[in-house]
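Across the two complexes that follow, subunit A remains constant while its partner is subunit B and subsequently subunit C.
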Partner chain A sequence: MTLTTTSYRSGTPAVHAGFAQQLRAEWTKFRTVRGWVAGLAAAALVIVLIGLIGAHTERPTCEDPNQPCTGARGPGGEAVTDRFYFVHQPLTGDGSITVRITSLAPEGAKGGLPPWAKAGIVLKAGDRAGSAYAAVMATAGHGVRMQHNYTHDTAGAPGTVSAASPHWLRLTRTGDTVTGYRSADGARWTAVGTARLTGLPSQVQAGMFAASPPATESTSQKFGGLSNRGAPTRATGVFDHVALSGTESGDAAWHGEQMGGPADDFASDGTFRRADDTFTVTGSGDIAPAVGGPMTAGGQTIERSLAGTFVGLILVIVVGVTFITAEYRRGLIRTTLMASPRRGRAPAAKAVVLAAVTFAAGLPAAAAAVLLGEWLVRPGGFDFPVGSLTELRVVAGTAALLAVTAVLAMAVGTVLRRSAGAVTLVFAAIVLPYILATASILPAGPSQWLLRVTPAAGFAIQQNMPQYAQVDSDYTPAFGYFPLPPWGGFAVLCGWTAVALGAAVFMMRRRDA
Partner chain B sequence: MEATVEVTGLRKRYGPTTALDGMTFTVRPGQVTGFVGPNGAGKSTTMRVILGLDTADEGTALIGGQPYRNLRNPLNHIGALLDAAALQPGRTARNHLLWLAHSQGLGARRVDDVIEQAGLGPVAGRRTAGFSLGMRQRLGIAAALLGDPPVIMLDEPFNGLDPEGIVWMRDFQRALAAQGRAVLLSSHLMSELQDTADHLVVVGRGRVIADTSVRELIGTASGDRVTLRTSARSEAMTALAYAGATVAATDRDTLTVSGLAAEHVVTLLGESGVPFSEVSAHRATLEEAYMELTRDAVEFRAAAAEEPAR
Partner chain C sequence: MKQTLHAEWTKLRTVTAPGWLLLALVVLTVAVSAATAAAAECPSTGCHQDVARLSLAGIHVGQTVVAVLAVLVISGEYSTGMMRTTLMATPRRSTVLAAKSVVLTGVVLVAGAVAVFGCLLAAGLILPGNGFTTAQGQAMPAPADGPTLRAAAGSVLYLVLIALLALGTATAVRDPAAAVGVVLGLLFVLPILTQLVTDPDWHRHLQQIAPMTAGLAIQSTTGADSLPIGPWAGLGVLAGWAVAALLGGGLVLRLRDV
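Now for the complex of A and B:
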């Protein structure tokens, strides 16, 4: 035998095997296992399909095919409720309306009024539901308010209205500007607020109104789901000292009208009585932005068209976990670590690759689900139309939610090294709390708590439902309201993922492979 | 930089059991070094420490003077096969080599080279789920060769191979050593290494029992034992024992003598007038030499560390 003393010289050029090489290796690993690629494709598909099924079944039935079958839209394009009883007459050009309101009371003996029951005076651009307006009013529980164009609300003098302490209310129009005043005695006036109603036509409808939002009753059922029952309430406002200046029409021209469609579960028809100079106006409904809740549950929203996200997420979790546990199971992790001995690198490279491929799969899926959902419910679009920036945030955020969860799953898989345990844990950490909180299985309190502290908080990135102080509703997870703001909730998920990834790197460094 | 593996004073405990107890040896270039010892002697643990997979409590393992974890493109320094079954079953052989190549900044061409070298051509495009152990071993060899490293380290490469595979593996390792590479092969069966290894590192209970060339080991193990065939057994025993030899009766007419060379036995018996029909110097096989060396290790195996389950 010959003993060679000179060492073998490698014939392959030495390339510095850095992080870029490891990224490429992990990408090659991912794409060469059919199950992982198929898993992500299935996740994308299921998100689109469930979104479509949801959009299809929720498709509103429109009795008149010539009419858009969605709710009213306000001047800003937002969904609004515009139902009230209106005693009005035209007002052309600049002018003002003044009244004294001496009572705001529930009609009939059934309980009290909702806090946002209201009666007052309004200048409204037209009859069309959703047209521009400015109003000053007394409310049952929130004092005097100046409101305009549905979304704007300014507080005036507090306190309830009674014969002993009436409110004098006045609206003055100057061009596009409407100013609301309140007075205790009709002599000394205080401005409550000013509204600029751009493009207000010369002739508007001016008059008295009354409205009272429906009382809603949500009863949780045994196996999840809510039974929602709306019950109209009616408020009666009593006005006198009615004065309209700047118009040629006479005192006799007052005309009572139910605005915003026929009676249903949420609003009943109003009435109007006049005895000499006292006007008694009874109305139901609200002039306010539409919000989610028992009243509108079941409507098609962008969020609903992404209802399949959590199912897709389950598949993503399985892919994320097995991307690392498959290596532990077969001992392949040793080969990985031999190829790249620096311990933090493997989980880091896997995280980057997983995040990238999951995002790439999730983005078109979320976009397709939203766009197809929007197309299916045309012509009106979603019940709660959102701006394109919000839409972009929801779509990209959904893809990011999937991507970050994949990384979380991989990190947990690295720590536990067992597929079943890691999949179960991540499922229990993100999918389960989401289902428990949003399917009304748990009461609102625990639901909100779950969506604050668990990784399921990340679902908040899909939130797009409007919420307004001047509208009472169940702003709870069951109706699409998350306790944290979109990016705040997403940050909670990212925080958990960072902790898990840190633990993964720590464990890899510490233990023998 | 010398293309060697230097293992110095490795100690490692798993709880109450000692897996490595001062393991020290060097693998030299240009030869096949057999790393042999009973199961649980610490071979696999040593290899994992060399590869930076396990951390030793004490001691160092250097490849070309550096700890494994400092190597920037490790597969260019050392190629190793620890466990041929460590494959993702759904991935093809070629794709397995491809990701490994990519991790080192190597391209698909190098993958095709090693597929050729390991004779994997016909099955390279097949998923490894259906691979026989022999094919997996070949794939492992191909992976070890990817970086064209000066050091090759294989754990139990003969396990599960059919006779044809054993011959192939043996010739392949010899060829690699002939190219100047340092080749370290572990085995728990000395017979597998008999015609492959030039040098042997025999281990037991976590430390090196013998670090020697194959020729020396056989020589040492043979010692000065002499087999004697005689009809006058008791006379022979008396005479030899009187001369200071240790004599054991192995058969009705056969004695094994140690402590005296064959020539001395012949002279002594002649002088004493004891008849004998045959005197032969005992020639140990490598297997016997190994059994002799590792007897202690085997006896204590029950108490010694089993290699940690993988």
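Now for the complex of A and C:
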């Protein structure tokens, strides 16, 4: 009377529901929803298209349409400003030049000089703008400096120059090495700095120079306004006790010349006057690396061809949010969790798939935008050339920015479960601060704070503009200067994403589906 | 129409999200305005700032909340299937959209007015401490004086028009996430594109047609000559966008199955 029952067993082998299977499930979901694939494709397309608009605008720095439109390039390939008034004569082989500078003043004694107005002595490889040089100089606001090859700057004795406290300056060339000296009395000399100028020709131009950059009209605090570049300024340096040793030419061979092209709104023409042994040199412009900001506003940068990133981000945010909220809306999440009951895994698998897919879509888009932009602004490439490593960082960083933002959007969508609210929250966290800070809607101070603490700090991964202490500019977000370094800003975004993802896993575990 | 209005008001009133969103609108707008005012500086050389515009900076953020609210008014019904009930009760589809527009206008008008009043109040308390005093030629915005009143009332109208623009867009798009994406893109993409265009004429034209830059011209009280578009004309451009969105949404609503 015993009743034996055999329970039914499915003939198909049991499938181990591992993480790989879940990844595959999420990938299948993603690729079979037309809207998501189309959204990512549109994001990639829009990045390239807006990049082309950015690259294809006119370049206001072009003066002569017949000339190739390239700014001066320094010995290291960087963009430089090389405009000043030069009173010089050739110097062959080793030798030195010594002067006493007794005055550095604005021309006509009206107004003040920019702090980086400078006058001094320079040894320069040639007439070409951007050629190698070493100089020791008096500045209006930063004491004596030794500078060479545009990017290098060494501080010497502080204090302004006057007839009562003149500076004696000397440059000595030995082979490829140039050493700058400063003295208060012409007897006891102190070395300011040493420059190694590799490949310096045997004949160089040695002499006195004066330069003064345009003042920045700092209106960056103005609400909704950008700061502007002021009119050119002119600085006058007065030199005497001029001595050149190691040269064949005579004392009468001094020859004044405006370097770096004709006068425009950056620099006006300089002059020089000689009375007995006193040289009065008036010059305008700067010998310095080129930086962003009002000085070169409108210059082509790699960032400009990636201006479409934030439009792509809006699309990526929508895709990221709906990747999870659509499951809640359709009830698919119950199936998902039934198939894989370990709940923490669902957001994790979604994050992995979403990040991989977005990165894969963003990388070719960013690369195409940059390469096409570079090709469009030929000859000469971007006004601010960057090394290939930096270029790689900017391109891969842009794709990573998109990928991490997609994960952030997905995590916020998991927590909120409402697509409209989640899209707006992520938009308000990353795109809105970026727009408020860079479109000069907010003043510079709050802009920098926004780009430090909000996920929008991640945009810092795109920054590539050089910043130099020896050039005054508005180093503000509106001009492409972020308050955090590239990876630092990206880390802020990743931090926010990690927090959101943690919250998503936590909520997923605690809450009913 | 009266019943439809009543129905729409009941729906809006009995769902929790709109209440929170209206509260968020007021709080966020005032908070951002106050933070901007606290960060503004007025050097002794004179500040040459548009105080009304500065005080109303929070509208930039507040408009995103308004956009969500407007999108939810219609997309929420599509996601829950409520839309079928609504259209069964009121078969004339244009009436439904009109009733939604009226109710939305009403709540945004009230909440927007509270937010704008809060902004001016906060700025009036904070700005004098940062050097914005009558001695500097920067009189505090008195709501009674003409340009400031225009900026304040115009900002409330701006929020209403953004709401209608979002409502029309969401009626056409239906999916809430996509609708919010479209509205935010429409508002914020054009200003950035404008930055990329160096040609001055194109630059000006883009600023004249972009809904956000044109609409926010209403906040300007100084430097009217340098504006790309006049205050009321700018608001008119935004009104054009809103009407176009509502007409487009209404047409789609009429032609399409639910």
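Assume the second predicted complex is superposed on the first by the 485 of 513 C-alpha atoms of A that agree within 3 Å, B and C clash if a C-alpha of one lies under 4 Å from a C-alpha of the other, contacts with A are read in each partner's own complex, and residues count from 1 in each chain.
The definition used in the following text is that a contact is a pair of C-beta atoms (placed from the backbone, for glycine too) under 8 Å apart; a residue touches a chain by one contact, two chains touch by 3 or more.
Fair warning: this is a prediction, and the values are worked out from it, not measured in the lab.
Placing subunit B and subunit C on a common subunit A by superposition gives a fit, with no clash between them. Once the two complexes are laid on top of each other via chain A, the angle at subunit A between subunit B and subunit C, using C-alpha centres, comes to 50°, given in steps of 10.
Within the superposed three-chain model, A:Ser419 lies in touch with subunit C and out of touch with subunit B [touch as defined at top]. With both structures placed on the common chain, the touch criterion links A:Ala25 to subunit B but leaves subunit C unconnected. By the touch criterion defined above, A:Pro262 reaches neither subunit B nor subunit C. Touch criterion met: A:Arg34 reaches subunit B, while subunit C stays clear of it. Of the two partner chains, neither subunit B nor subunit C is touched by A:Gly199.
Of the two partner chains, subunit B is the only one that A:Ser340 touches; subunit C does not reach it.
Contacts of A:Pro158 after superposition: neither subunit B nor subunit C is touched. Of the two partner chains placed around the shared chain by superposition, subunit C is the only one that A:Phe427 touches, whereas subunit B remains out of contact. Put simply, the nearest alpha carbons of subunit B and subunit C end up 10 Å apart when the two models share chain A. Residues 35 of subunit A are contacted both by subunit B in one complex and by subunit C in the other.
Against subunit B, the residues of subunit A that register as touching in their complex are 1-12, 14-18, 21-22, 24-26, 28-29, 32-35, 326-327, 330-332, 334-342, 512-513.
Within the complex, the subunit C residues that touch subunit A are 17, 35-36, 39-41, 43, 48-50, 53-54, 57, 60-61, 64-65, 67-68, 71-72, 75-76, 79, 175-181, 184-185, 188-189, 191-193, 195-199.
Subunit A contributes residues 35, 50, 53-54, 57-60, 219, 221-224, 298, 304, 307, 310-311, 314-315, 317-318, 321-322, 325, 329, 418-424, 427-428, 431-432, 435-436, 439, 441-443, 445-446 to its touches with subunit C in the complex. Looking at the complex, you find that subunit B touches subunit A at residues 1-4, 28-31, 48, 51-55, 68-76, 80, 82-83, 85-92, 95-96, 98-100, 102-106, 110, 143, 147-150, 178-182, 198, 310.
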